[in-house]
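One chain, chain A, appears in both complexes that follow, with chain B as partner in the first and chain C in the second.
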Partner chain A sequence: MEKKNAVLSLYPTTKLLMILLFAISVFIIPNYLFGYAIFFVCLLIAAIGSVTKEFANLTIKGLFSLSVLIFVLQSFFYPGTHVLWEWSFLAITQEGVDFALGLTSKIIAVGSSLILFFRITPVKDFVYSLEVLGLSPKATYVVLSTLTIIPEMKKSSQIIMDAQKTRGVETEGSLMVRLKALLPMITPLVLSSVASTEERAMALEARGFTVNKRKTSIYSIEKTGRDSFIRVMLLVILILLIVWRVAL
Partner chain B sequence: MKRGLKHDFSLIAIMLIPIGVGLNVVIAQLVQILRLPIWLDAIGTIVAGMIAGPWVGLVTGGATNLVKSIFTPTELPFAISSMAIGFTVGMLSKKGMFSNFGKTIGAGLIVTVIAVIISTPIIVWVYGGISGSSASAMTAVLLASGHRLVQAVITSMGLLELIDKTSSVIIAYLIVNKMSDRYLSKHNYAQSFIKSNKKSKAA
Partner chain C sequence: MSYIEMKGISYKYPVGDGKVLKDVNLSLEKGKVYALIGANGSGKTTICNLIRGFIPHFFKGDLDGEMLIEGKDIREWEMGDLAQKMGYIFQNPFTQISGTKDTVFEEIAFGLENLRVEVPVIKERVTEIIKLFGLEPLQNKDPQQLSGGQRQRVSLASVMVMDPEILIIDEPTSQLDPQATEEVFKIINIMKQKGKTIILVEHKIELIAEYADWVILVEDGKVVMEGKTKDILSDIKTVNHGVMLPQYALLGYEMRKTGRLNEIPITESEAITVFNNWIVGKEE
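The block that comes next holds the complex of A and B.
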């Protein structure tokens, strides 16, 4: 990872505080335009951190489709009296549109800041910073091994699927046929992966995982002066937002 | 065997958490590949809860939604519901609700009720009733035909969760019963699944 980048090189908890500020700010300032603006702020930060493509991909796939769905359904079905547009039993009401705007702006703001956080922060760094703050190394292990296990499991599920197909298990056809295929697919996957926990436990035990001593890490990241600067800035912004809200 | 928050997180139980999360994610994908009309996205949590108890189940459920939210942040609020499912299954396992098939179906119903009770407020408060899952279409239809929001969400969620959670619990029960006695004996809550125990009781 290039350490020169202005966004990527920040300390993980600094990034987390920034994202939390974004997420909380939409609840401080109830205006929906502000919520949508947060998305563009996130987009800007993603651009600086050169992760625009992944960020845009995930927000469009995960957030926009859901937001559009919520927007359409809410503006039709939210109870209200000020009808804007009507066609047989369907009616769009002013109240529905207002509610939908408020709701989707919050979902987009909170969702896009979360997506941004995980694009600019490698999970490894994030967990490391939490461990420095006092998180148990066991929790670190759980998080990191989960992320490596999932792709591994996907591979083995593919292998199991191919093997069962070779043995004559039908995976296409009517619903009943596909339902019957379910158990032969799942059972070997669960049994083999659960059995592997025993080996993992012994391997870790042999390396002193359960020893009750403070553990050192071969991997380390440092806070810099810029982190403290940005933290102070974030606090100032938070205070300004609260003042703005009270003044309004 | 000692049970409780401090004793449940044995090393082998901790190893089960990432596996549970992985199973949740991978089985949900498998179900999509097979184009089945259910989710089955909690089997890993249920297996973990069954053999390693409520606390491990709770952590597995929570970790699943945390990991999912890295790519789809809209899953994050449902962490509470996943945690409740894991915890409930663990408690039911402690009470011996998985000792035979009939009781397991009862346990599936209890899990369904818990899932609906916890998920409904999340869907209503966080997403205004429409969370983008397959239940949303039904919710919308019920809303259009004049039902109240909470009622519409409970009806649509209840129906889908009933099918989804009971079949998840049954599948998990069938699979756990196929595990070896030697492995099950290492877990705190797996006594009711060990075959030699069952035989000695029958004799």
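The block that comes next holds the complex of A and C.
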């Protein structure tokens, strides 16, 4: 991880505060254009953090398709009287479009802020900062290990799949074929996961995981002057937004 | 008072039928290397779980008899104290990586962090252990991406760095090539020299002949033979209980058929002396 990068090197909670400000701001300034603008702000920050590709990938594939769906549904079904377009029982109303714009702009602003946060913050750093704030290591362990166990489960499901393929079970083709192949896989996957969870718990115990509530850590990240500066800036922006809202 | 003692232990796991341990009596002294041998499913791992207190603290089930560590019943020991006293290396190397660390160095440091050791001391001790184990080329790798053998060596290092008094090691070499196996046993020997008490499960009988002080032979949940390594591994009765004798001992028995052989050797160096004497004796 590039530590000198202006965005990436910020302390995790600074990044979190920034993202929180983005998310809250769309509720302070209700204009939908403002909400959509937040996406571009996030994009800019992603670019500075040189994670543009990952960020764009997730927002476009996930967030935008979801927003388009919500937009269409809301503009058709939101009750209203100013009909813009009509076909048999379907009608788009002005109220529906307004509501859909407002809603999707908020979803996009909050969604892209969250995606940005996890693109620019390694989970390990985030968890470390939470532990510093006093979150119990047991809770943070659950978060961290789940994130690392998912790829392991993927790997073992691939192994089981391959084993079944060699035994002649069809695993490719239509949806029905795939579903059929999935069923016999679930049992060994779940069973082996449960068994290894038990062993993992013992292995953790063996290494003193439950001995102390607080632990030392050889990994550490520090806040810098830039963090304080950004935090002050965020506060100023928040105040300006509120002033703007009141003046509007 | 024995250091580690089992008196009339019987145990049945919560699931599964029948007793897995049947009236086991053992008494272990401080500073010795004990080898637990026996066929698959005979109960070796179960005995390890019991000594470490995973039975009954982790596995419930029916436990009868007394399991004492320094004269105190295992049920009365705090799990935290047991964790500091005994290091446990599990049979399966794939489940003992903590799963939260990015590098082998941090992985090895995990136990010491849990024990609240100061950061500079941790770094020093981890660096030392990495050197002892020759893990330098791996220290910046992701522990999740190691091979079975590499994981096994990292797990061993992760436990030894915590410097426990007692080491319970369940088949440390199942995934290792001959050279790495040899190296692991050299480390076990270093631990012995440091005065650690070591309980070792191992199928490679030649290594046991070389390194263990005392052998405990388990069959079907019972201790069927125990004694000095030399006595057990040169006793032909041992093969009736599902374990092989060392090659040198088998050869010794073959040679005995053709003539006088005072002693059955179990290690390479013993074999050289015994067979040399035998040749000299023939020529006379």
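Keep in mind that, in the parts below, the second predicted complex is superposed on the first by the 227 of 248 C-alpha atoms of A that agree within 3 Å, B and C clash if a C-alpha of one lies under 4 Å from a C-alpha of the other, contacts with A are read in each partner's own complex, and residues count from 1 in each chain.
In this section, contacts are C-beta pairs under 8 Å (C-beta built on N, C-alpha and C of every residue); 3 or more make two chains touch, one makes a residue touch a chain.
Predicted model, so just to flag it, every value in this text is computed and none were measured.
Of the two partner chains placed by superposition, A:Leu248 touches none, neither chain B nor chain C.
Applying the stated contact rule after C-alpha superposition, one finds that A:Leu33 touches neither chain B nor chain C. Within the superposed three-chain model, A:Met176 lies out of touch with both chain B and chain C [touch as defined at top].
In the superposition on chain A, A:Leu133 contacts neither chain B nor chain C. In the superposed model, A:Ser196 makes contact with both chain B and chain C. When both complexes are overlaid on chain A, the residue A:Ser145 reaches chain B and chain C alike. Contact with chain C, but none with chain B, is seen for A:Arg207 once the two complexes are overlaid on the shared chain. After overlaying the two complexes on the shared chain, residue contacts for A:Val110 are found with chain B alone; chain C is out of touch.
Between chain B and chain C, B contacts the larger number of chain A residues.
According to the touch criterion, the shared surface of chain A, contacted by chain B in one complex and chain C in the other, consists of residues 141, 145, 149, 152, 196, 200-201, 204-205, 209-210. Listed in rising order, the residues of chain A touching chain C in the complex are 124, 141, 144-145, 148-149, 151-152, 196, 199-212, 214-219. Interface residues of chain A facing chain B in the complex, by the touch rule stated above, are 58, 62-63, 65-66, 69-70, 73-74, 76-78, 89-90, 99-100, 103, 107, 110-111, 114-115, 118, 123, 138, 141-143, 145-147, 149-150, 152-154, 157, 161, 171, 175, 178-179, 181-183, 185-187, 189-191, 193-198, 200-201, 204-205, 209-210. Across the complex, chain C meets chain A through its residues 52, 54, 58, 79-80, 83-84, 87-88, 90, 92, 94-96, 98-100, 102, 106, 109-119, 122-123, 126, 144, 158-159, 162. Listed in rising order, the residues of chain B touching chain A in the complex are 9, 11-12, 14-19, 21-23, 25-27, 29-31, 33-37, 43, 47, 59, 63, 66-67, 69-74, 76, 127-132, 136, 140, 143-144, 171, 174-175, 178-180, 183, 186.
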